[in-house]
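Following are the structures in question.
Paired with chain B in one complex and with chain C in the other, chain A is shared by the two complexes that follow.
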Partner chain A sequence: MSATELHISHAPAATRQGLAARIWKSRIDYLFLVPGLLIFGAFIVWPLIASEYYSLLTWTGFGAAKKFVGLQNYRELLQDEFFLNAFKRSFLFTLATVPLQMFISLVFAILLNNKLLKLSTLFRTMIFLPVVTPVAVIAIVIALMLSPFNGPINGLLLDAGLFERAVDFLGSPQLVLWTLAGVFVWKWTGVTLIYWLAALQTVPDELYEAAKLDGVRTWQVTVFVVLPIIAPFAVVIGLISAIAALNVFPLIQSTTQGGPFFASEVMEVFIFRIAFAPSGGMVPQLGYASAAGVLFGLAVMILTIFQIVAVRRARRKDPANG
Partner chain B sequence: MADVALSRSSAITSRQSFLNPRRRRLITSVVLAAICILWVYPLVWMVSASFKSNSEIFAGGGLIPENPTFENFVRAWHEANIGAYFFNTLFVTVGSVLITTISAALMGYALGRRPFPGRAALFGLMLFTLFIPQGYTIIPVFELLSNLGLGQSLWGLMLATCGHSIVIFTLLFAGYFSQMPKELEEASRMDGVGPVKTFWYVMLPLSKPIIVTVVVMQTLQAWNDFLLPLVITLANPALRTLSVGIYSFRGEHFIDWGGMTAGSTITIVPVIILFLFLQRYFIDGLAGAVKG
Partner chain C sequence: MAGVKLTDIRKKFGAVEVIRGVDIEIREGEFCVFVGPSGCGKSTLLRMIAGLEDITAGSVEIGGHRVNDIDPSERGTAMVFQTYALYPHMTVSQNMGFGLRMNGVPKAEIAKRVAEAARILQIEPLLDRKPRQLSGGQRQRVAIGRAIVRDPQVFLFDEPLSNLDAELRVATRLEIAKLHGQLQGSTMIYVTHDQVEAMTLADRIVVLRDGRVEQMGEPMELYERPANLFVAGFIGSPKMNFIKLRAASNGGQPAAELPDGSRLTLSGAEADSVATLGVRADGLKHVDRDGVFTGEVTVVEQLGDAVFVYVRTSWDQEIVARFEPGAKVRVGERISFALGGRTHFFDADGRGLTGVTPGNTISEARLSA
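Here is the complex of A and B:
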């Protein structure tokens, strides 16, 4: 709404009479934007701006007074080991999950893309089920499955004689982040699978047929013909998967809350703890948490820009998509 | 492994008999079936556990409960308040789906078809915000809701839930509307019909596939949302949604696995049914994100 008023009120002052006229002519179009812009402005644009301002404050709770302290929060953050470790863990987690998830789902996609495979829709649905399951439920399922006390997976490992003692997958500081990475890949592979299947739709059927007539084997077609065609999509899929992996808060908060001993505390879990769930008699530090959020958001944005440039470059190389 | 074995034996014996497409499809199907069963096994196991007594769950029995019981469901629904949380979630989900779909369709129509001044700038701003992490925005969102007096209410939660994907949905609508033939609007202008009526009677009915996609995606998003409802209900447990309710259940009754799995089953059954019936639209929506 504010954008509309802004345009209209400034319009008479505009030197180009044409702009004012065009804006007045489009007045109904701006009405269409009102509900969407209210939501977009209130819950996306405003928080983006406000976070930057909050990050310059000392602010100990939503009712408390705000005090301007400049860049002090940022200076403290850069020396805060918990922050630096959480930051590092977020990107480590992304580096561990994205390639694995993309590879597993690509293999599934290539197998399921066969039109003559009668059950492929059923298989796709099964792989997709963890995606539609809320993380709080996933947390309970994996706590049961991975329980060191008579959990089915430990039962299997012990019966097979692989381990002498039950493995505490979620309770060991060394294992916990990798266990959660595995769970994350299991939960989200279904989405990446859909992306790859969409990419495979762009490969013309004639290519498969021509290759078959020439007596080329299926795996050769896949590696030398299909993969190069869908390669440009890999960058987009990688970007979307990386963003998802950086936003892993729900899974980690509901399984381990960042523990044990902060071993699985990623960036958003850190922000949540500082802002909403301080422990040991600490007060919420909303300014400090906002500063952490801004740094994290900046890192994500840099990553995004980096990848978008890569997408552009990949598309330019491939004339079919240009 | 299977591939290696196959290709090696095919080199020795006749290649046709081993690599004929039907046989290979059969082998692929069997291997995939095994993997997929393992893939969903944890979820099936959980649903099965919800019909078992707490002592039976860890007794290492099979998937079929020996003495099936509904006690877990009764306990979860009443004592753990899962019943109340169910209706909270339903309220937030239905409301946010309505608001999001209407707002995104309206904004998508203007962005996709109407050449108003400022359109390119708005597009750019939306793309710029596409990948902002939720951890970045949660503090201002909560502060804003508190200032509006909605920080402790389901209405506030509903409104803020609309913000999650409105950009993606608007872009989906805009992309769809922009591909429609120009004649549609020209015909209605000839008949003296304004943009509002054109939108309502011509454009909206034609965009049914996108509407269903957006409804399904926003339903899943709202139903499964976690950080926002967690923050809004921290001081007000009565407003919890199912996701937060299940999460808190675990903190409060940490040995009642029967109740927890029953609550989880109640939580996932509606979304899974919705997904099974409307998965085509959900998958089309996701696929659109990559193609676009």
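Here is the complex of A and C:
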């Protein structure tokens, strides 16, 4: 009994000592963590903290002339029409692409999941090809394909008699954002397809077979058996796709740079322009751009939290998780 | 209700022939069990009857009609899967009625049939539960219920007990046997790798190996008159002991030599072609002298109603013998055995020989003496 008490009274001190001793004992293991931590700190943690600090400054990003202005940048941003429009465009772009991309890839996934489809691998590769193609290459190809002067797509539309004049897909302020949304969906559908195919793998073959013996038609199996089972995956896939759609910078920067007349300037492009490439002889405003970044980051974070809550709820309802 | 007739059934997956000409006739109302080691083709055969696998050659007839090219849902069969294959998002009653609902059966009719199946299987209190809220045994009953509501001519069971624990397996086995009694006249085909399930459930057993029928018959027929070494070894627990024999002659009378050189006189028309002696654990009798062979006890298994004694012979083979409960046998003891029950003889190809009997079987008189 006394031995037990002795042990308990010494326990916390022993643990404290033990932790330091344990770290020292496995110092080699910790050494291996250092490179990763350094990179993570330098490129993720530091910019996050720094941008919040910069957002309180008036600063060009170069030179020593920094001036602390408090929340001035934020106040200005909320009245900046370019900022608000870019904000709106980013979310419009996401709202347009995510459901479209998820729907198209789901249809492809259901078709390609059929084991009787002999050329399934070929089709999967074809759909996945744009994913692995560099954005810069896609930008060039898209510009040529959609060109209003001698582009093949306009050629087809004109030949078919659908339009009387060539359509300037990337040059029209009304069309450009939707055109880019289409290109974005085409480029990334392959990734969503893989997610859906993985979800479909969770449906056991026996369910299809049982339904087949019951005389249930293929579309009925899809609607009443397969879709309800894979529905919980939609939340996760939607979340991943939404984050991808908000990170559309490379595609827009390499095609339109936000133009024409800022019509495709989404948030990231706006931040980049203000911070590094201002037009009309203006000075770069790193502080102002940082404030925009912080606000946008907050918005995305709120969206993510909503979706995580939705995932939890879906999981709770998911019959497979019992 | 209807019988099932398989005529020269063959199945190829690519170049590999997994079913190599199977002829089986299952009578109306019969409980037929396909049994064999894994990879013998028993499940494939069942799936071919169901229509889940194409038939490479041969014909499947159900109720006298060739069904090779008939849609699985129109063959009059219902299948119960090893993994239950229940729809996870539907309740028990929705699971059972799903097929009917999709085929436009009126709601009242579906409700009636589901209620009837639930009554037979005693799962009425579970009707509103989801599969994940059920135990393995309950899930399997729901799967059987889903088969019953279809009112099939032939029930197909694909290893339905394999996912259950040992205790539940015995209980559910009993229920399936009762069910066959309740659903009078319904033909049932049952696939298993477990010979105990086969012996206890079947009216007739089909033993399969490498895509061929090794033997077909009533359980006791297979147990007492196995057609070959494979069936003899597969049916019965513990496994039959096989002892290699060398042909020898004992003054003109056919005889055989055990590996240790001891002689066994034989009689019967085919006694000359004997190559293997098969004897079950209960066919070996402990004697004090003049035994056929002796060995050293290695393991003693107390089962309560019997004692299984494992003996290592002088030619280093492990042999099992059944003793009456209470028998005093110790590990390390040397024991002499005589042949005291049914013996089986096989030729060099493993074919069972009929009419061969050993001469020096222990007599009842000597046993009691």
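One rule holds for everything that comes next: the second predicted complex is superposed on the first by the 289 of 322 C-alpha atoms of A that agree within 3 Å, B and C clash if a C-alpha of one lies under 4 Å from a C-alpha of the other, contacts with A are read in each partner's own complex, and residues count from 1 in each chain.
Convention: contacts are C-beta pairs under 8 Å (C-beta built on N, C-alpha and C of every residue); 3 or more make two chains touch, one makes a residue touch a chain.
For clarity, every value in this text was computed on a predicted model and none was experimentally measured.
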item: Overlay on chain A: chain C relative to chain B, clash or fit; value: fit
item: Chain B versus chain C as contact partner of A:289, first or second or both or neither; value: first
item: Which superposed partner A:199 touches (first chain B, second chain C, both, neither); value: first
item: Partner chain(s) touched by A:48 [first = chain B, second = chain C, both, neither]; value: first
item: Which superposed partner A:111 touches (first chain B, second chain C, both, neither); value: first
item: Partner chain(s) touched by A:228 [first = chain B, second = chain C, both, neither]; value: second
item: Chain B versus chain C, judged by how many residues of chain A each one touches; value: B
item: Shortest span in Å between Cα atoms of chain B and of chain C, once chain A is used as the common reference; value: 7
item: Contacts on chain A seen with chain B and repeated with chain C across the two complexes; value: 217
item: Of chain A, residues touching chain B in the complex; value: 3, 7, 19, 22-23, 26, 28-40, 42-48, 50-51, 54, 62, 108, 111-112, 114, 116-119, 122-123, 125-130, 132-137, 139-145, 147, 149-150, 152, 155, 186, 191, 194-195, 197-199, 201-202, 217-219, 233, 236-237, 240, 243, 246-247, 249-250, 253-254, 267-268, 271-272, 275-277, 286, 289-290, 293-294, 296-297, 300-301, 304
item: Chain A-facing residues of chain C, complex; value: 50-52, 71-74, 77-79, 81, 83-85, 87-89, 98-99, 102-103, 130-133, 146, 150
item: Touching residues (chain side chain A, partner chain C) in the complex; value: 204, 206-207, 209-217, 220, 224-225, 228-229, 319-320, 322
item: In the complex with chain A, residue positions of chain B that touch it; value: 3, 19, 21, 24-25, 28-29, 32-33, 36-37, 39-40, 42-43, 45-46, 49, 57-58, 60, 99-100, 102-104, 106-107, 109-110, 114-118, 122, 125-126, 129-144, 146, 151, 159-160, 162-163, 166-167, 170, 194-196, 199, 220, 223-224, 226-227, 230-231, 234, 242-247, 250, 257, 260-261, 264, 267-268, 271-272, 275-276, 279, 283, 286-287, 289-291
